[in-house]
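Residue numbering begins at 1 within each chain, and the chains themselves are lettered A, B, C, D and E in the order written.
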Amino acid sequence: MSLTVAFWILAVMSVGTALAVIFARDIFHAALFLIVCFFAVAGIYVTLNADFLAAIQVLVYIGAVSVLLIFGIMLTREAKRGSPAGKLRIPALIVAFVLLGVMIGSILSFDWQPAAGMDEMVRTQDIAGLIFSENGYVLTFEIAGLMLLAAIIGAIVLVRKE
Amino acid sequence: MADIPEFAVWLIFLIPVFSAALIAVVIRPFFNNKAQFAGYITITSIGVSLLLSLWTLYSVLGSPHHELEFHAHQWVVIGSTQVSLGIMVDSLTATMLLVVSLCSLMVQIYSQGYMHGDPGYARYYAAMSLFTGSMLGLVLAGNLIQLYVFWELVGLCSYLLIGFWFHRPSAAAAAKKAFLVTRLGDFGLLAAILYLYFKTGTVDIGELHYLAVTGAIAASALTLAAIGIFAGAVGKSAQFPLHVWLPDAMEGPTPVSALIHSATMVSAGVFLVARMFPIFIGSETALTVVASIGAFTAIFAASMALVATDIKRVLAYCTISQLGYMMLGLGAAGLVAVEEGHVTLELAKAVTAVGIFHLVTHAFAKAMLFLGSGSVNHATGTFDMRLMGGLRKHLPWTYLTFLIGSVCMAGVWPLACFWSKDEILVKAFEMGDARMILFYLGMITAFMTAFYMFRAVFLTFHGAYRGGAHGEAHGKNDHGHGEVHLHESPKVMLIPLLLLMVLAITAGLANVTGWFDRFFGGHHVYAWSHLHEALWNPEVLRHSHYIPLISFVVALLAIDLASAIYNSRWISAEAIGRMFRSFYKVFYRKYWFDELYEQVIIVRVLVNGVFRICQVFDTYVVDGLVNGVAGGTMLAGRVIRKAETGRLQTYALVMFLGILIIIGLVYWIT
Amino acid sequence: MNYYLLTPEMCLAGAAIAVILLDLVIARKGILRFVSIAALAACIVVSIALWSRQDNDLFNGMIKVDQFAIFFKVLLSGVAILVLLASKDYVSKFSHFEGEYYGLILLSVVGMMLMAASRDLITIYVSLELTSISLYALVGFLKDPKSSEAGLKYLLLGAVASGVLLYGMALIFGITGETGLAEIASALPAGRIWENPLLLLGLIFLIGGFGFKIASVPFQMWVPDVYEGAPTTVTAYLSVASKAAGFAVILRVFLEAFGGDVLPDWTMIFAVLGAISMTLGNVIAISQTNIKRMLGYSSIAQAGYLMVGLAAATRVAEVDDPVLFGPTGLIFFLGCYALANLGAFIAIIAITNKIKSDSIDDFAGMGSHAPLISLALTLCLISLTGIPPTAGFLAKFYLFNTAVHHDLVWLVIIGVINSAISAYYYLRVVKVTWFGTPASTESVPSSLALRTALAVACLGVLVLFFYPSPLLDVARDAAQAVAGMVLP
Amino acid sequence: MEFSDFHPLSLIIFLPVVGALLIAIVPGLDSVAIKRFAAFFTFVSFALSLATFGLFDRSESGFQFAEMVSWIPQISVNYHIGVDGLSLPLVILTTLLGFLAVLLSWKVTLRPKEYFAWLLILESSILGVFCSLDLLLFFIFWEVEVIPMYFLISVWGGGRRAYSAMKYVIYTMFGGAMMLAGILTLYATAGTFDVTILAQTDFGGLVAVIPLAATFWLLLTAFAIKLPVFPLHTWLPDAHTDAPTAVSVMLAGSLLKMGGYGMIRICVTIFPDIARDYAHILVILAVIGVLYGAAITIRQTDLKRLIAYSSVSHMGYVLLGIFALSELSITGAALQMFSHGIVTGLLFAMVGLVYDKTHVRSIPELGGLARQMPIIALVFSIAGLASLGLPGTSGFVAEFTVFVGSFTSTTVAGIKIYTLLGALAIVVTAGYILWMLERVFYREPKSKYDGVGDADNLEKFYIFTLVVVIMLVGIYPRILTDVIDVWVTGMPLP
Amino acid sequence: MSIGLEHYLVLSAILFCIGLYGAVVKRNTVVVLMCIEIMLNAVNITLVAFSRYLVPESVVLEGQIFVIFVMVVAAAEAAVGLALIVSVYRNRRTVDASEIDLMKG
């Protein structure tokens, strides 16, 4: 029951803050709503027994991504122009709603067999074991490392002035 | 003397053709300064042809059925189709060979004088050689394809010769007109050849003759084929309604006109009908058409000759008219033969004697008349009779020959044309019934012929001289004969004239005894003999036996009338002209046929009508569609690229829209 | 484990890091290029040596260094070598960042190679992102207005597309509970695609994500802008390598995971998208005036042709010959297209370096003062048009031949008509190059490296026309390697 | 040399390419050297083709001098070439015109290197089309020809050359596209590209990917564009008019024949039954083309455009002959292709000479030229007369054979009427040819052309060469019919 | 009604579409980047939900591992994205998506 309550609160919160990100006049407010949204998503992970992911969510999204974004906002000094919306509002709205309808329709029409699920917490070791085992994702992990390297080099090259 | 071997017959037309090639390829390019050799070569080669023709005639006379048998030579093989080369020599061929080579020889000799000094001398003789050679080849052709080949070559040569002075717009136009009008007729001949080949699988003339008279070809098919062949003859022989080219054809040098009007070009049509007569005789319709067109053309052309002021034009209309006679003769003789009953191949060939005999006599007379008119021109520098007069004093020999020619043409006893023309009138009369109208037309034409011929004689040679070429009627380039000297022509021009005169006087005698008819395989006795006989035995007398007499009288009346108007001037020509002003105008304007053809049909209806519509359609519809599709594609490109706004959010939206469309499509299709 | 199977990737990753580090200490930057090329060459040699190995699984089947993967490794390395050779005349524009440039290229090559070899959605996704992120940076590398704008557009749209792809992968994962391609294939519910909307959604999201990479309509909108703005060497690389990797991953995923009941459905979707792509690309390319932009649209059209190969991946009872299998044609086409497109771009690099303009009109008269380069450009454009005697012709012919054998005559007719349309804009460039009035008469300088690259490309274009059999055999083996579900 | 060891075809085809490469590669060639190179290589090719003609076995109906090398074994594509009675005359026509085209271009001064290289490549590609016995090879040569044509028209042409060149390319590529689709469907059905095998294939037992009739039409469309057949002809007047003289000669003389050749070699030989099914509509199109082309020709005021449009009309006879589907009519079509090649080639050469001398092509502006340029007038007249089918020229032999063959064909209902309608065009043809001759060469000479010269010796050489060929075929058609006959009797006609 | 897989999936879909709408509509490219992050988060919810609910007896760990990698990717993308935004800003003095249209057509 508590799970249900938590879900609804978190769900409303995440959707609400996501909408707020979009409709906020002030770009800083948008960033803040985004952080709240990330928190809500972290909470949702918890309701899904993925505590480890929730932790990473907080660390990566709030600790890194959000900060980056705020840096971006400040570096570009666009805050004074607010956060206006473009001309494509109506078509975008239609597309978004139709797509949402299609997605929800598809999801609900699918015959989900294991609707109940397990309440057992996922152990971090299991995740680590799968990532770092030879039968798991150790290569992927290495690729992700290369990707970060590429991102770092790219970011440096792009931002550094000659 | 032995029978002529086959190769010698081939040589009859090959020698002139080779001489043409020799002049064109060797003399003209490399020895143009010795152009006189071109004349000698031509005269020699045609002379040889004449000798060989005589030999041929001799051999034909000596052979059974008056026919020499030669086998065809295989030429081209395509699959199951074989085309052969062969020659056909019978009495018709032999006659034509003689007439053609003789007339041509006379004309070539005459040209030595007439064309002397012309810059195109060699070219002239090359074309003349080829012209003669083609005509001889046409006469000898053993199958229709061969015949068609020479038929077209004759047309080509007439084109080259009529347009000999190509720098004169009128000559260039006349040459083109001649070729095109005859080609229209050729289309009919071509269609007939295709049709006959389709029906019988052969183009061999001998085989076709046989198949036609044995009934192997249906009568309706014969009618179609005969009409097609006749269309070709109508074009070449300038019959109504394709007569328009011949009067203009006088734009060529006068000797050319002489040749065209006598033995080569126009007689080819008559020859063709005679050659294919077994096909015509199988179809009464076709024969009626031939006779009717002939009779109508005869009077139709004569009417225009009445008012022509150009001496060559008078002669030209006269030619058309006489060709009409020949057609009438062929058609009428055929119809009479059909009425008399069973038609055999021999009979079918024999009845052509009537038309061909007139062809022969007319050829000599007409060649002489044209050469005479050339002689007149040589002296006066013009062809306009209004500018002549009184020339008999200055050109006595020319006057003599021209007079004899006219008398002959008018059908006065005992000159050549009298005999042949009367035979035609007799046949026309014998047809009876409604076809009698053709006879009356012929008789009226006889009157008109005598009248206009003597009108020409009187205007040209009698009265007082009216000034020659001061009117610049033909411009300064006129023949290179601009200098007026009222002198008789040189001997080289007179001798052929005199030779032809002899023939024009005597040629008719060939049939006085019916010899010519028999030569063609017939058994008729000439009407004049009947009359002669009937005078002593009145009980055998028939109406038709009076006809020669009547026509003789008619001719004399016409000559008197012409004399009254143009010589003694008892009657004013102007007054008559005023009296029949509307007729005069119609005749003088040639029934507006030139205008109808050139301005209405060709220019208005075709070139600026149908053809223009085609062109507009091509430019704006066919090509417009192509350019429209291309332009549409480009335009589409330019429009669609507008969607590439440069704004990344449009792009993102398109992505999602695309996803939705794909999903929609998947469901829509299933 | 057979880690040596990963030698090429390790080699390149090491070289990338080495190049970046060496950049700090070495003054002669030419050495960096040499090192990179050496690494790529080594990668080619090693890959070829691994060609016929049977035992080629790694990480429990997550990576498979089969002939398919090896083909793409060789192709991508070769492309990278040619691009790096041609970069010699271009890198001066990158001022201090040469090492990073080479490093990023090498890293992207690693990503692409892994895309072709991966058989697990997670690895595929991460490899794809490795490629993408390197390319985002490379596109914006010049840092001038156009380049950075192109980079930003590429990144934002690429991120959206990767979001779509990811959602698709998530749905597939949700439906099957697996991330490995082989496992997905066996866990996939039976039935055609319209019987399972969620699977349809997932598949179409996958197509969207991958379609972005290969520049298929309607995910192609970024192409002209990015091609125009990116450094020309990067455009060349992007137009060939990125597209090749995109097709590699599509072939891998769709043939290995979706070779079952839904095979006819996604091939039909690709057929339709291909038809639209080629038409749209060609029609808009006609009105372009910027050569890079024009080639951008042309690459959309070429993607359309390539998709014919995807469409002809169906199972047809009468045709079980791998020679007539669509992907065989696709792989062959990719090889020919890579050479021709690279050749064209290398020639353009040489010419634009001199004339400082991307406008087609400014190519006027290049034929007289840069005859060889113009000749090469001509040859490559003719190959792209698909006119003999060039590889492009045979490629198109072969590809369409496979399509006809799979009952796609309608698509082939659209394709061949499009070839005709494309002649319009390709030949216009050729004509301007040779017969326009030149603005100047100075010769066009180019380095030996660039000329070598150009010569290799052109020679390849010709050789593949006259002697295509070896590449066809390779293509057949490669296609057979991924098409276990479809081919007997 | 043993008969069987003589493999001249590859040499004939590729010698011009070798010449082109040498011209392009050898540095420092001056314009005269380039022309001599070109003349040499084209002449050798011509001489070899004559030798082939001489050695051709006139009693054997199959392909001779065949060469076969495996090329793409995966889809059984071979380099397979050979000639038979249909292709041999066209090969000779092409090598002859190729050689003469080089001579015709002797006065080209703009970029001679590129010009002659392209011209020689063009010749090779046309030869390749006529010799190929493998459909892919055929198609390759067919497509290769586009590039040289594009450059030759768009660079060395006149008038709206860019438009015309692009129009030509797009039309040809469009046709090529159709043909490619046709070839592929044919391959998918029969499993071979080899023409000789396809000709003997019984399609009744095969499963076709698309209806065979559709394949037939795909292929036919390509050939119809090239021939050209109404309503796909509008590229022709533009391309011919704006191309340089030698290219017009090649285009009209040789290139158009690819269409007719393809129709016979592929459409009729491989699908005789389908050809019969659709012969009716094609014969109607042929007659429309003949009459419609002639009608438009009369209206032209540009000398070159007039000749160009006349091709539409004359090639209609080829189509008529082909789809009348009788031995004789197809022979006629083959003859007409050869004849039209020589005659119209000569006509274009003459137009080029007139234009060279006077720099005028507008017919109303010309006039009376026969006085100033008698040789040109003479040869132009001969060519014109050959074009209107005068006996003694090749035009007559060809047209007459087509008429007889079509008229007596039993395949198409109403063919007699169509043939006669088509034959009616001989009058219109005579009209436009003679009217043109009259307006250009006859009438009063114009003083502004007084200084223009006549043909020089080189020009005389090539125009009289063509005249000789025209007369030779006209007088002794056996020289061609003997070769054609062995092939046509072996044709699978319905 | 207890919370099940569908709830999470629908929530995820809603968030995805919100992100989508924002990404298409917002003119500030930084906000666009934020919206893209929302989309990725939405997908992550789906993945985690699947990994929780898919198999009755055990968690499918691949889902969670996928999420970890997505987060890494998201961070990297954000970094490069911001670098590019800064680069554009330096050149153009704007980060307005509707003004970044030097290249079009």
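By definition in this document, a contact is a pair of C-beta atoms (placed from the backbone, for glycine too) under 8 Å apart; a residue touches a chain by one contact, two chains touch by 3 or more.
Only a predicted model underlies this, so the values are computations on that prediction, with no experimental measurement involved.
Engineer: Can you name the chains that touch chain A as well as chain C?
Structural biologist: B, E
Engineer: What is the touch distance from chain A to chain E, in steps?
Structural biologist: Step count on the best path from chain A to chain E: 1.
Engineer: Using CA atoms only, can you tell me which chain is the most central one in this structure?
Structural biologist: Taking the mean of all protein C-alpha atoms as reference, the closest chain is D.
Engineer: Taking each chain's centre as the mean of its Cα atoms, which chain lies farthest from chain D?
Structural biologist: A
Engineer: From the C-alpha centres, identify the chain that is farthest from chain B.
Structural biologist: Centre of mass proxy via C-alpha means gives A as farthest from chain B.
Engineer: Would you mind telling me which chain pair, B-D or C-D, is linked by more contacting C-beta pairs?
Structural biologist: Pair with more contacting C-beta pairs, B-D versus C-D: B-D.
Engineer: From the mean C-alpha coordinate of chain C to that of chain E, what's the distance rounded to whole Å?
Structural biologist: Inter-chain centre distance comes to 26 Å.
Engineer: How big is the gap, in whole Å, between where the Cα atoms of chain B centre and where those of chain C centre?
Structural biologist: The mean C-alpha positions of chain B and chain C differ by 78 Å.
Engineer: Taking the mean of the CA coordinates per chain, how far is chain B from chain E in Å?
Structural biologist: The separation of the two C-alpha centroids amounts to 97 Å.
Engineer: Rounded to a whole Å, what is the gap between the Cα centroids of chain A and chain D?
Structural biologist: About 70 Å separates the centre of chain A from that of chain D.
Engineer: Where in chain D do residues touch two or more other chains at once?
Structural biologist: Expected reply: 170.
Engineer: Residues of chain A touching 2+ other chains?
Structural biologist: In chain A, 86, 88, 92, 95-96, 99, 102-103, 107, 136-137, 140, 144, 147, 150-151, 154-156, 158 touch at least two other chains.
Engineer: Can you list the chain B residues in contact with two or more other chains?
Structural biologist: 641, 644, 646-650, 652-653, 656-657, 659, 663
Engineer: Among all the chains shown, which pairs meet the touch rule set out at the top?
Structural biologist: Pairs of chains that touch one another: A-B, A-C, A-E, B-C, B-D, B-E, C-D, C-E.
Engineer: Considering the complex alone, what residue numbers of chain D touch chain C?
Structural biologist: Going by the criterion above, the answer is residues 72-75, 114, 136, 139-141, 143-144, 146-147, 150-151, 154-155, 162, 166, 169-170, 173-174, 176-178, 180-181, 184-185, 187-188, 207, 209-210, 214, 218.
Engineer: Could you please specify the touching residues of chain A with respect to chain E in the complex?
Structural biologist: Answer in residue numbers: 3-4, 7, 11, 14-15, 18-19, 21-22, 27, 30-31, 34, 37-38, 41, 44-45, 47-50, 52-53, 56-57, 60-61, 64-65, 68-69, 71-73, 75-78, 81, 83-89, 92-93, 95-97, 99-100, 103-104, 107-108, 112, 114-118, 120, 122, 126-127, 130-131, 136-137, 140, 144, 147-148, 150-152, 154-156, 158-159.
Engineer: Where on chain B is chain A touching in the complex?
Structural biologist: 647, 649-650, 653, 656-657, 659-660, 663
Engineer: Which residues, counting only chain A, touch chain B once they are in their complex?
Structural biologist: Answer in residue numbers: 86, 88, 91-92, 95-96, 98-99, 102.
Engineer: Of all residues in chain E, which touch chain B in the complex?
Structural biologist: Residues of chain E touching chain B: 20, 23-25, 32, 97-98, 100-105.
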